[in-house]
């Protein structure tokens, strides 16, 4: 019985429930974060002076404030001006905006890494601006941005545990409850840690596969 | 509005005392990470197969598990299991330090590997032992090259230190939350906390930039 | 052999960066089948001139006619169409790094000209064969030598069926032993009757092939004329000085 604690149905179902909430936090946040990153990264380069100011301000705040502070602002802070968000929504909002700010830097760098000769040659062949971005700039920029953006997703998986701090009970939260109820702190957090380790490792492996599949001579990444 | 500012002003000394705690945690963690990170990097570059494998697992573990889970594991779990009595403050430094050591080691490893091979050969040719060659020749060069990466790591650890609030460490975030829940001035308080973190990031990276220029040698640029 | 209808005419083209004029009132007209070579000291404005002709750099002033039709710069669609008829070869090749040699040649046929894929494929393979690189068609730019890259870029331009080609120092980024393979291809294209404007420091090759030399200094067309005249009986002292230097450096092989 002693050894089988983590096979007890209540414990397993609590862990599964927590895991599912974590996944529900991570997936949309990663997608929104990536979209925000692309838009903000593109605005950093192609925007006018006004949008650049706004975007710079966004990146400064959302990369400069600790994620915990941001989550507290969304969940505990917004009611101050009459906006009430559920813990889950506040967490996804916080993760997306923070992740987007970090992603934007990689996107920007990737766009900048496309040499001007590439766009010149496209224009010389009669490509319109839009076709040029679509067929020449994006395919190159995407490959260069992938490792950085992938790393951000790994970070996001780990930081999703902070949702617990604004009372969104995901994997870490369920773990805390199991541990306090059973007083088995060490084993519980070992198991929780192992689940996160599995998530980050599998994601890293998948991202590596993707990178490998998209790899071309001349676009090798040394990391 | 005015009222909020007055409350904020009154709470400021209390928050700023929290930033001393934050600084203590961050400095402690960064130094622990530095020492452990250097050992790991050296082991990875010069060590044997088994040592490298163990180091690989260490890095994988500390880069793959969330900070919050590690804090809980160490504070509520391991400390009582091993029957040692450590304060939340100490545990925070240890956990943040071990995590950052895994990241810092990669900065140092990159710097060591970027040094020309001739440096180590020349040291050996002068009759230095392996240890002496690394301590006297390799590290002084590699550490200089590592400062920009280290500065980046500092800003990450600084922001991560806000999570130690979960253990009840009386740092900036904990104090902001305490004042916020008492005065109902949540938004201004958390924003103030964020600004303090921004300022600490700025000061720290600025200081490291000055250090970088101080120890700069002609011919090195990073 | 060249018939005498100007295929491209440029009038008073001017370009300034800040308050520095790097191209001053440059005028030039070229007939079908002719080769004009731009020579002149580094920074003289050769690249700027060639890129202005293609509107890759926007000239501040100047007019331009292709086949007697004026090209209006403000009309974007017109520019895209015009550029398809003007092939450009860059000093540093500018092959698209994410595409194989074959797809480099094919992409504009499909995406710009709207040709169907199979037809474009056949055409691309034929052009690569013409520059002797059919067996390299699945290599990426990073896997090709400089000379091979430049030959692919020539194939890419030729596949568009240009009426005229602009070549900006096509061999100056190459190791000496690779220069001749590219020059051979250019010679071959030239003998098929392609109209070209080329800037180069390969003075021997240029004087063997060119109908006319255009000496460009400080953004100014100082003097134009047949190669022998510019090289040995130039009117202006500046031209003579530059030409004696350059023949000394690169020798003359004709």
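Letters A, B and C mark the chains in the order given here, with residues in each chain numbered from 1 onward.
Heads up, the rule we're going with is that contacts are C-beta pairs under 8 Å (C-beta built on N, C-alpha and C of every residue); 3 or more make two chains touch, one makes a residue touch a chain.
Since the model is a prediction, treat every value here as computed from it, not as a measurement.
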According to the touch definition, list the chains common to the neighbour sets of chain A and chain C. none
Distance-maximising chain from chain A - centres being C-alpha averages: C
Can you tell me which chain is nearest the middle of the complex, judged by mean CA position? A
Averaging only over C-alpha atoms, locate the centres of chain A and chain C and give their separation in whole Å. 47
For chain B and chain C, what's the span in angstrom between their mean Cα positions? 56
Distance in whole angstrom between the CA centres of chain A and chain B is 22
Chain A contacts chain B in the complex at 60-61, 64-70, 72-73, 76-81, 158-162, 164-165, 172, 175-176, 179, 185-190, 192-193, 196-197, 200-201
Chain A partner contacts - residues on chain B that touch it in the complex: 60-61, 63-70, 72-73, 76-78, 80-81, 158-163, 165-166, 173, 176-177, 180, 184-188, 190-191, 193-194, 197-198, 201
Considering only the defined contacts, which chain A positions touch chain C in the complex? 115, 117-118, 120-128, 131, 135-136, 139-140, 143, 216-219
Quick check: in the complex, which residue numbers of chain C touch chain A? 51, 54, 56, 76, 80-84, 86-88, 90, 92-98, 107-108, 111-113, 139-143, 153, 156-157, 160
